[in-house]
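The first chain written gets the first letter, and so on, giving A, B and C; residue counts start at 1 in each chain.
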Amino acid sequence: MGTLLLRRLLYSIPVLLVASFLMFWMVRTTFDPTARLRVSRDPAVIEEERERLGLNDSIFTQYRVWLGDFIRGDWGESSRTRQPVSEVIPQAFGNTLQLIVWGVLISALIAIGIGVYSALKQYSAGDYVFTGLTYVGISMPPFWFALIAIHFLAVAPQDWFGLSSPPVKFVGLHDVGSSGLNWDYLQHLILPVLTLSVQLMASWTRFQRSSTLDVLSSDYIRTARAKGVPRGRVIVRHAMRNSLIPLVTVIAVDAGLLFGGLIITETIFSIPGMGRLFFQSLLQGDVVVLEAWMLVVAIFILLFNLFADLAYGILDPRIRVQ
Amino acid sequence: MSDRFDQDQSVFATNVETLPGVPVEPGVPIEEGPAGAAEPVPLSQWQLFYRRFKRHKLGVASLVILILLFVMCYGADWIAPFPKGQQDLTPGSENQAPSWDHLFGTDQLGRDYFSEVLYAGQVSLRIGLTVAILSTLIGTIFGAIAGYFGGWVDQIIMRTTDLFLIVPAVAVLAVGQQRFGSSAATVSYVLAALLWMAIARIVRGQTLAVKEKEFVEAARAVGASGRRIVLRHILPNCIGPIVVNVTLAIAVAIIVESTLSFLGFGVGSSWGNLLNTARGNYDNNVHLLYFPGLAILLTVLCVNALGDGLRDALDPHAKH
Amino acid sequence: MAETDLTLDELQIETIPDRDTWRGPLLEVRGLSVSFPTDDGLVRAVDNLSFVLQDDEVLGIVGESGSGKTVTSLAILGLLPKTAQIGGEILFCGRNILGLTERALTPIRGDRIAMVFQDALAGLNPVMTVGWQIAEAVSVHQELEKSELADRVVELLALVGIPNPRERADQYPHEFSGGMRQRAMIAMSIANDPDVLIADEPTTALDVTIQAQVLDVLERVAEKTRSSILLITHDLGVVAGVADRVMVMYAGREAELGTVEEVFYKPSHPYTQGLLASLPRIDRRESERLHRIVGQPPSLIHVPSGCPFHPRCPEAEVPGVCVEERPPVVELSVTHVSACHFAERLHAGTAVPAADAPRDDEQAGS
């Protein structure tokens, strides 16, 4: 088991390097780090700056230098905020992490519940309703849901009920002056978490339903019944246990992707996380931040992928290598 | 706990079709021969597929709706009540709620929203289709090659597709837009460049599965060349997942494109852009948000439903 | 199909007599019919089937795919899908267990009537150890201490001839070989000394050499637990070696039923005769072609009228009674019946001339 994981890790490093190089190349060649200096307009100054930043070297050398710096912990300075990137990113990361944790937790619980229920009561009215909802959930652009949610849950109720402030907040994670786990935090969390959950729930519910259906029609379930195991136990002990294994993998992978995938949600709700950081940096051409951001996100996606494999190996004895 | 499930013996649905004695191909009609002997008349592959597809009401309905959508959007020149981009400059005509004059209301510049949505649809739909076709073509070719030849060819192709798994897609695409420009064509290419990898993996998986089947061995035994085997034997058996993935690709492409446009990185005039503008001019005019979003939702919904219907029709025994 | 009330069902089960107190046949199937509605029509998988399983015997059920044998076995334990339309009666120790609810049947499944399935790899839960699964078979019916349970599991594994049972119990199904897996399934099924053991094609997925071993295990085990076995197979050789009586099924109905000697030496149904004749035999001349039954297995949706076998039957009267009337079940002896209009004629015709009579040491059908 351990050796398998180690091998997977080793195989992934070259892929990670290539991916990071490609992303680096794209960012470096899209934005000109000296653009801010154009104020000066003096070609000599610009050229000096270019030399200083190593921009005249080949892209490979630049990458090598940059990677070396990165590993050593020198992530550069944001051209937008003048803060060290090694502070900016972890800060943003922490905020995104909150969304991810809540979102994944809630979505997983609901998806498992509804998915199993739908499978058990296949073709019932409830099943049709939930299936319809999941269809809508995966077909809806998440940012659109966010906008509609803001309108109907925050803005419009103000008019309907004559409130002085919206019942759920949609800017940032806390009101000014407030912090910690409190009602205000909750009010701010609801909409963004809801937005990111909708897609996760829809997708995971479909998956779990399908997985459960597969398991329910398998031979070993029939064997369990033939042994005289009562129905409830068959469902919980045999069916659910087996049907959850693939879902765990999916959840792990999707969670990993969220680190770089909340760009819209954070932007709409002004949450100072990784997504918004990316967006702002992109708009401003903040190369330094972008380069580090790409690699950090890729690393986390990779880690979660590996974790998914690990989990699968632990849960399914057929995969465990002796 | 057993009480709750007591009425539901159907929970444990033994798949009727796999019980011995039940014909596995329900599409095979039986004819009575002269001495009462039953001689099955086989339907062709396509007839079987057609029959099965017709049964999937949702799939059929989705196909119809999609065709309607296409016709409406591409026929905008004839159908749209107002010409594209025509502004009504009379004051007070902007941001009107839906009415009989303006089915979807008007936008912040007084343009008829219904017409705007139709024209925007052309862009969104075209990009969706282009991306899907491109990525499927590339993905299928590489996937089949990887699956069939194996060895280092397989390794290289697989490592390449692993890239897709690791990179943050939307971020990369956004940067790509900046880098390569934002014409509809470029957007399509950049999207396709990322999407083909996912399809390649799936096709590779299918190829591997089919490769092991006996009829491939048989073909090889009679001396069929690799290319022939791939084209004539393996690919036709992968059609199921390929077709389904085309529809999935369309769905993903439309959503991602609208997302990028919404952020300001995409083409200038698709549904996503309409939403972006709408957000800026929101001011409680929620109808501006509704319609392009609903258009996207409806399209993607139908594409997904169609995909499910096709999958069921092409391979009713597939585990999804 | 009438659904009996919950408590009544359980009462029904509670009052099933012990095997030793009951004097009649252990299992009696009366007029069993099973149909499945499909998009193309009603599939009549089993059509008015009747047979009996006595104490301490092995009854083989033989037939080709689609003859209804597996459906019959599933019907006995109530494992058919809800869409199935089931009629008739299944009497276990005199009590009808057909149509009872899931909850009512649970106590007898695995305890008094047990089943061994064909594909042991698919039939065992892949994420649980074999020992755990066998232990479950015991613990749902008996209260045992953990250590007693473990001992019982080891005992069962040893009984079916699995070496190193204590280590093996902690292994997963995919770590067993095919033959061992099947033995484990058998161990699981006899865990509670069932009265009836239904073995649905237990050896079909195995190599011939392993087949013999597994059958041996089955026999031995049944002897020890005094279970009666309902052995379902399409292999006549298996039946000949192990069974006391045999029923040949065709198109969901019984074609012929009798002791092994009667059916193999005096086949009185054209289908049985065809089956036996198509067995390759070493003592035939090289130049003789293999005999076969012409035609295709019948559609169960449009079952041929009258006798379902008539399209393929060399003895059939077409047009005539074979097309018009469903053949009656003709009694040829106390134990031997055949569902053919010409059963008696065929039976008489099996009095073979001395020259062709099977020699004493010859095993029929193997």
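What we mean here is this: a contact is a pair of C-beta atoms (placed from the backbone, for glycine too) under 8 Å apart; a residue touches a chain by one contact, two chains touch by 3 or more.
Predicted model only: the values in this text are computed from it and were never measured.
**Q** Work out the mean Cα position per chain and let me know which chain is farthest from subunit B.
**A** It is C whose centre lies farthest from that of subunit B.
**Q** Return the chain label for which the distance between chain Cα mean and whole-protein Cα mean is smallest.
**A** B
**Q** Busiest chain-chain interface by contact pairs, anyone?
**A** Result: the chain pair A-B has the most contacts.
**Q** Distance between subunit B and subunit C based on Cα centroids, please, to the nearest Å.
**A** Computed from C-alpha means, the inter-chain centre distance equals 48 Å.
**Q** When the centre of a chain is set as the mean of its C-alpha atoms, what distance in Å lies between subunit A and subunit B?
**A** That gives a centre separation of 23 Å.
**Q** Give, as an integer number of Å, the spacing between the C-alpha centres of subunit C and subunit A.
**A** 55
**Q** Can you list the residues of subunit C that touch 2 or more other chains?
**A** Residues 79, 102-103 of subunit C touch two or more partner chains.
**Q** Which parts of subunit A, given as residue numbers and ranges, touch two or more other chains?
**A** 222, 225, 230-231, 233 - these are the residues of subunit A that touch more than one other chain.
**Q** Would you give the residues of subunit B that are in contact with at least 2 other chains, written as numbers and ranges?
**A** Only 2, 5-6, 10, 12-14 qualify.
**Q** Can you list the residues on subunit C that touch subunit A in the complex?
**A** Subunit C residues touching subunit A: 77, 79, 102-103, 106-111, 114-115, 117, 119, 122-127, 136-137, 140-141, 172, 174, 185, 188-189.
**Q** Can you list the residues on subunit A that touch subunit C in the complex?
**A** These residues of subunit A touch subunit C: 218-220, 222-231, 233, 238, 241-242, 245, 315-318.
**Q** Where on subunit B does subunit A make contact in their complex?
**A** Within the complex, subunit B contacts subunit A at residues 1-2, 4-6, 8, 10-15, 159, 162-163, 165-172, 174-176, 178-179, 251, 255, 258-259, 262-263, 272, 275, 278-279, 284, 286, 289-290, 293, 296-297, 300-301, 303-305, 319-320.
**Q** Quick check on the complex: what are the subunit A residues that touch subunit B?
**A** Where subunit A meets subunit B, its residues are 11-12, 14-16, 18-19, 22-23, 26-27, 29-31, 120-122, 135-136, 138-144, 147-148, 151, 155-156, 159, 210, 214, 216-217, 221-222, 225, 230-236, 257, 259-261, 263-264, 267, 278-279, 282, 290, 293-294, 297-298, 301-302, 305.
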